[in-house]
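Shared between the two complexes below is chain A, which pairs with chain B and chain C, respectively.
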Partner chain A sequence: MKVLCAREKLREGLALANSVIPSKSPKAVLTNVCLIASGDMLELVGTDLDVSLRFRITEQVKVIEAGTVVVSARVLHDFVRDFAGETVELDTREQNCVIKSGEDSAELVTADADEFPVVAPFDDAGAFSLQAGTFTSLVNKTAFAAAREQGRYAMHGVLVEIGDGLLKMVATDGRRLALAHAPMDTASGTKPQKASIVPTRGTQLFSRVMSDPLDQVKLTFTEAQVGVKTRNAEVFARLLEGEFPRYAAVIPAESKNYCEADASLLERKIRLVANVTGDEARAVRFSLSPGRLELSGHSAGRGEAHAFLQVEYKGTDAEIAFNPDYVVDGLKNSESGIVKLEFNEKTSPGKFLLGENYIYIVMPITIDA
Partner chain B sequence: MNLSPTPILHVDMDAFYASVEVRDDPSLAGRPVVVGGAANGRGVVAAASYPARRFGVRSAMPTAEALRLCPELVVVPPNFEKYTAESRKIMRIFRAYTPLVEPLSLDEAFLDVTGCELSSGDPLEIGRAIKRDILRETGLVASVGIASSKFIAKLASDMDKPDGFRVILPDDVQTVLAPLPVSSIFGVGPRTAKRLEAMGVRTIAELARLPRDEVAKRFGASGAWIHDLAHGIDTRRVTPRRDEKSYSLERTFPKDIHSREELRLRLLEFCEELAFRLRDAGLRGRTVTIKARYPSFKTLTRTHTLSFSTNVGVRFYSAARELLDRIPQGPLRLLGLQIANLDDVRTPHQGMLFGSNPTETEAPAESPERARFADRIERVSPGLDRLRRKYGRGVVIPASLLGREASTGRDGTTGAFGGAARAEAPESGATTELDLDEPPAE
Partner chain C sequence: MPPLDTQAQRGRPAIAQLPELVKNQIAAGEVIERPASVVKELVENALDAGASRIHLDLEEGGVQLVRIVDDGGGIPPEEIPLAFASHATSKLSQVADLDHIATLGFRGEALASIASVARCRLFSRQRGALLGAAVEIEGGALGEVRESGGPEGTRIEVRDLFYNTPARRRFLKTTATELGRCLDIVQRLALAQPGVGFVVTHDGRRAFEVEPSMDLRARVRRTFGAELADALVPVEAADGDTRLSGFVAPPRFSRNDTTRQMWFLNGRPLRDRILSRVLKDAYRGFVVDGRQTVAFLSLAMDPARVDVNVHPAKAEVRFRDERRVFGFLVGSLRAAVQSMDLATPGERLIERLEQRGELTPRQATLPAPAWEREPRPVPSFRDEAPRALPVFVREAPAAPSAPVAPTEGAQKPEEIRGPLLQVGRTYILRAVDDGFEIVDQHALHERLTLELLKDELARGGIEVQRRLVPELVEVGGAAAQLIEPHLESLARIGLVLARFGTGTIAVQGVPARFRHPDPSTLVHEVIAAIERSGSTPGAEELLEEILHRTACRSSVMAGDELSEIEMRALLARARGNDSSQTCAHGRPTRVRFTLADLERAFYRR
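Moving on to the complex of A and B:
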């Protein structure tokens, strides 16, 4: 294999590949990137077996001799980053790969290409077609609410549902839940056989490769994985097993208390009051009276704080407390200037309407159970 | 401002359980009486009256052995609800004098009367008044020790028992401590006593004479602690609410139990009992540990930490029965349950969307049906607990425990979540059946 490539293009590709490729792995071959030169493109392949990436460099690249080489992804990336020249030349010589830029060069050991796992190419048959922006916007609105710890459990991912002209995403960590949907041509592909829970890491990588919101991208589901194809990348993520919580049951249909507030003002005031709450058991109390919302918080170590804002509220006095971080997480993504908050009791879920097709549920903090 | 050098009181009831029984049955007066478990079936003595003690009968002794020492011994099964009621009266008397009351058990507490002079008098006056109030209100006798620290106060209350009243002034501490055996020091058990004896140390004076570093080196942190105590140094404060670390309950069975079903029922009973005690104390717990002892005395424990704190018995039980499944089959001599990782119910509590939070770190925990059931139980618990406090703990119990005898401890303790306590429910006489969809009327 012999290839010439613009250094910056190669660096970008390797940086992306390194977000998938593990730096340490019991299967040593996985710490490598597989470079495939053919025709007029250079393809970078990386995988940790849960998430896989195939990234194509088609511009500012010249294939002199087709071929495949497997080298340490970190080491190659670091050289390409630190070289000074405009272009990088990759050239395989027996067991080694020589990389050159300007007058500088390095000769890297390679791994056996046959040991590198096969990442099957994206299959267009049965794939949905949609705008990248639709997908990334739903990910941004939901993925933050997924359970955070790494794991293979149902709540460590985003539930993706397709049907009735809608693409719907739901994520929850058991304390809050975000649900958003957007119109999509659901007839363009084959609906997945079962609910698909996409690991959070996968959704992040999907968003990363969909850099242009106006791009048309393809989305496909198989029994075990979900794939996305953009102009120059293919990303596959193994679906999470397990049953996603039955989320529909926890979304209150009707609420006794209903108020409307300015989203950015509310966010600012919550942050203000939250300054007084401690690190553990953070809680900000929302006290509603007609036309007015009082936010208050206290902690033994710091003191107490109060903030007020005008709201649209006609009911009787009501109260509920939330973890301020959870509420702010949602308000940050609010689509409209006005946020609506609904709840029944101070122990029942608070429902924030953050946009037309965007619901955010936060379980309250109960003080004095 | 209290200038008294001896503001710490230790009040200890004399042969508490036995005295309550003798008070309520005058025919027992003057006779050797113990409260405890039956002689057949591994019972032990929970409390012995003073006449019984003259025969060498001591608490924690197997009842069978006590009967050998004293054939005319009267063995009374314990009635903990009665003792708890008396205990409440006694604690209320303490609190009338000072808010700084630290109960050690049902019949024993430390009091700090610093600053109570204007309202209640000096420590001696308070000590006498408390003895008098207890006798008047309960007909029972307490011993009182007064000193400058907890350790010395406890020592003092024990010195003139029964009906003791002893003040140890700071200047007298060394003289009083010097001749006592090292085992009088809290924290010196039989093993430490033996090791000290091997070093030629039998009395507190001998221990006090050893260099502190040497004791600390031999016995670690507890070495420094016992050395301080040997010098009468004890800076522990009286804290009204001790930070309880865990609640536990264990039972040695009269006969080894093989049936898993039976063991599960025992666990359910323990879970209900500990959950009740936690609710009563305003606490919740997260870590469930079971302890199982085989006839060979081989003892295993298994632990599981829930993703949320709770004080609902069935929640603990979901975890406990899985833990039981993880211990090897075989008859058990003892089964125990501990709930740890406690927090106050008043600490803010993050609500969960899906009942008991089917979280990440847990294996498929409760089934949704079980979770919904537990949620319902949780909602009605405050009401049920009021019934239990009013009519006896056995008035509402899980149906699967119906018609069973409550597990009794070796000292005859019952958890009351079995059949035994049901008999105390007035009028109804039987366990109330409640439809869980309808919270009981307040």
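Moving on to the complex of A and C:
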């Protein structure tokens, strides 16, 4: 194999591949990147067996001799980053891979290409077609709510549902839940057979390769994995096994208390009060009276704080307390300037309407219920 | 109707008064079980007689011979025959005396019992008398009292123990075991009676010795070694005329048995369940479950306020005002425990490295000369200056309130400054004034979470983060039933659980402070805690135990990468938290290497 490539293009590709490739692995070959030169493109393949990436460099690349080489992803990336020249030449010589840029060169040890796992190419048959922006915006609105700590494996991802002209995503960690949907041409592909829970890492990588929101991308589901294809990248993620919580049941249909507030003002005031609650005491109390919302918090070590804002509220006085971090996580993604909060009791879920098709449920914090 | 085949028809033995010897042998069965019992009775007698030096010779673990020589008051010749009669004693004379027993013995059974199962010889000369008297007694038969010369005090020889009760003799263990038990008794009494010197020989060899002038710490050093003795923290407290004094050891000395938990009541060694519980409560949270702490504590109180006549070997007692004594003891001991320096000294780690062969100590290159019988003590470069004594004194009327803070000896919290380094995502390293310290971030965070939860609870309620969908945890019917009666109290500490079907518990909320709540682990910890506390769980005690366990489960884990700011915040929060030196499970949270340790590791010393 012999290839000439613009240094910056190669560096970008390797950086992306390195977000998938593990730096340490019991299977040592996985720490490598597989470079495939053919026709007029150079393809970078990396995988940790859960998430896989194929990234194509088609511009500013010249294949002199087709071939495949498997080489340490970190080392190659670091050389390409630190070279001074405009282009990089990759050339295999027996067991080694010589990389050159300007006057400088390095000869890297390669691994056996046959040991590198096969990452099957994206299959267009049965794939949905949609705009990248639709997908990334749903991920942004939901993935933050997915579980991070140990425990229910199925909650470490985003549930993706397709049907009735809608693409729907749901994520929860058991204490809050984010649900958003957007229209999509659901007739264009084959619907997945079962609930598809995409691991959080996969959704992050999907968003990363969908850098242009107007780009048309393809989405496909198989029994075990989900795949995304953009202009120059294909990403596959193994779906999470397990039962996702039955989320429909926890979204309250009707609520006694209902208020409307300016989203960015509410976010600012919550942050203000949260200064006193710190990372140890959690609760910020929402006290509603007609036309007015009081936010208050206290912690043993710091003191207490109060903030007020005008809201649209007509009911009787009511009270509920939340973890401020959870509420702010949602408000940050609010689409509309006005946020609606609904709840029944101080022990029942708080429902934030953050946009037309965007619901965020936060469970309250109670004291000695 | 056939005649009933009854005992009477087969010739029933008539009821008859037992001969004196048999009576005494039966009584001996309760009091004299083995040579150690003889030693105990005789040494106690010597102590009651006011001896200041006691010399004990043993042969074959005491089976062949127990000889005791004391310099006590002695027995007048005319009382000698009475000394061997049962229920004959000089220590009390009327029923009322039983209410304020200040001597170790009082029943008047010991000598009679011993004499009924062994061959005894007694010589005694009263202080100031010109002549003493001697007598021999064998199998309970008293010989003639003869005038005899000898030193002031009493000498008793007990030979051929159980020669006339072979069944009893068969139950004796090996010589080494019996000797061990005898020594255990003497050592306990020696620790209980500073001011009295003891010498024990076995088959002519010296087995144990303390000088009359040695204080308790010196006696502990002689008996259990210097490492323990040097680490002991003194305790001194008073509640009215009840006084507590002695030493407690840092948790790292705790063991699997209670053999080094010694309580002395008015000079009498005790093994009392209540007193064991006192120590358990005082060390709660500082010692890993199931480990027994080490303590040497002596309790002085008016004999009228305690009943010692409840156990044949007098190992148990009954306090007239148990609740108050308990509160006083736990309060004063807890204060002492909290003031301890619990950091495992780095020196011990270095020793362990040496044992593993990773560090070669310099002295190993100079082998000890063969003639040096005693192993040379490992040189200790730790601060040898005696620790300041924390003194806790509570006035008599003080109800169980918070113990007075130590007036001195408490360590000033150090400033959190200088660079911090996280190692293996588990340990935080930082420089301190005289060396450096390694902090176990998980253990420390666990402890802090626990303290904050307790705080919140005391302040009126724990914040609960409710769950969207209850997490269902399968536990089985029996465990679910076990939890059910406690649901209300569990909710008080922030664990909102409900029974769901026969064998499932639904977790509806957990304390908001928990950083890594894993419902299934939490529920299983709750079950384990309830099981452990048994059928009568004191609600508060159970809750505390659950808090301990659950706080641990939800803290910063080993493996969480912490930013420098987070590390600093964690350490700053630990500052001034008295109990932060161990995690909720009693493992140490920090290990300290002093400059001296480092110098030693690098052979600069």
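The criterion applied here is as follows: the second predicted complex is superposed on the first by the 363 of 369 C-alpha atoms of A that agree within 3 Å, B and C clash if a C-alpha of one lies under 4 Å from a C-alpha of the other, contacts with A are read in each partner's own complex, and residues count from 1 in each chain.
Basically, contacts are C-beta pairs under 8 Å (C-beta built on N, C-alpha and C of every residue); 3 or more make two chains touch, one makes a residue touch a chain.
Owing to the predicted nature of the structure, the values given are computational and were not obtained by experimental measurement.
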For the overlay on chain A, clash or fit between chain B and chain C?
clash
Per the contact definition in the header, classify A:Ala147: touching chain B only (first), chain C only (second), both, or neither.
first
Should A:Pro364 be classified as contacting the first partner (chain B), the second (chain C), both, or neither?
both
In the superposed arrangement, does A:Thr347 touch chain B (first), chain C (second), both or neither?
both
Touching A:His156 in the superposition: chain B (first), chain C (second), both, neither?
first
Which partner chains sit in contact with A:Leu219 here, chain B, chain C, both or neither? Use first/second/both/neither.
neither
State whether A:Gly174 touches chain B only (first), chain C only (second), both chains, or neither.
both
Quick one: classify A:Ala300 as touching chain B (first), chain C (second), both or neither.
second
Go through the superposed model and pick first if A:Ala37 touches only chain B, second if only chain C, both, or neither.
neither
Please pick the stretch of chain C from 43-51, 61-69, 169-177 or 529-537 that overlaps chain B when the two structures are superposed.
529-537
Do chain B and chain C touch any of the same residues on chain A, and if so, which?
149, 151, 172, 174-177, 245-247, 250, 281, 283, 321, 323, 347, 349, 361, 363-369
Chain A residues within the chain C interface of the complex
149-152, 172, 174-177, 245-247, 249-250, 280-283, 300, 321, 323, 347, 349, 361, 363-369
Once bound in the complex, which stretches of chain B touch chain A?
284, 345-354, 357-361, 368
List the residues on chain A that touch chain B in their complex, please.
147, 149, 151, 153, 155-156, 172, 174-177, 245-247, 250, 281, 283, 321, 323, 347, 349, 361, 363-369
For a test of understanding, state which residues of chain C touch chain A in their complex under the given definition.
452, 455-456, 459-469, 471, 491-492, 496, 509, 512-513, 515-520
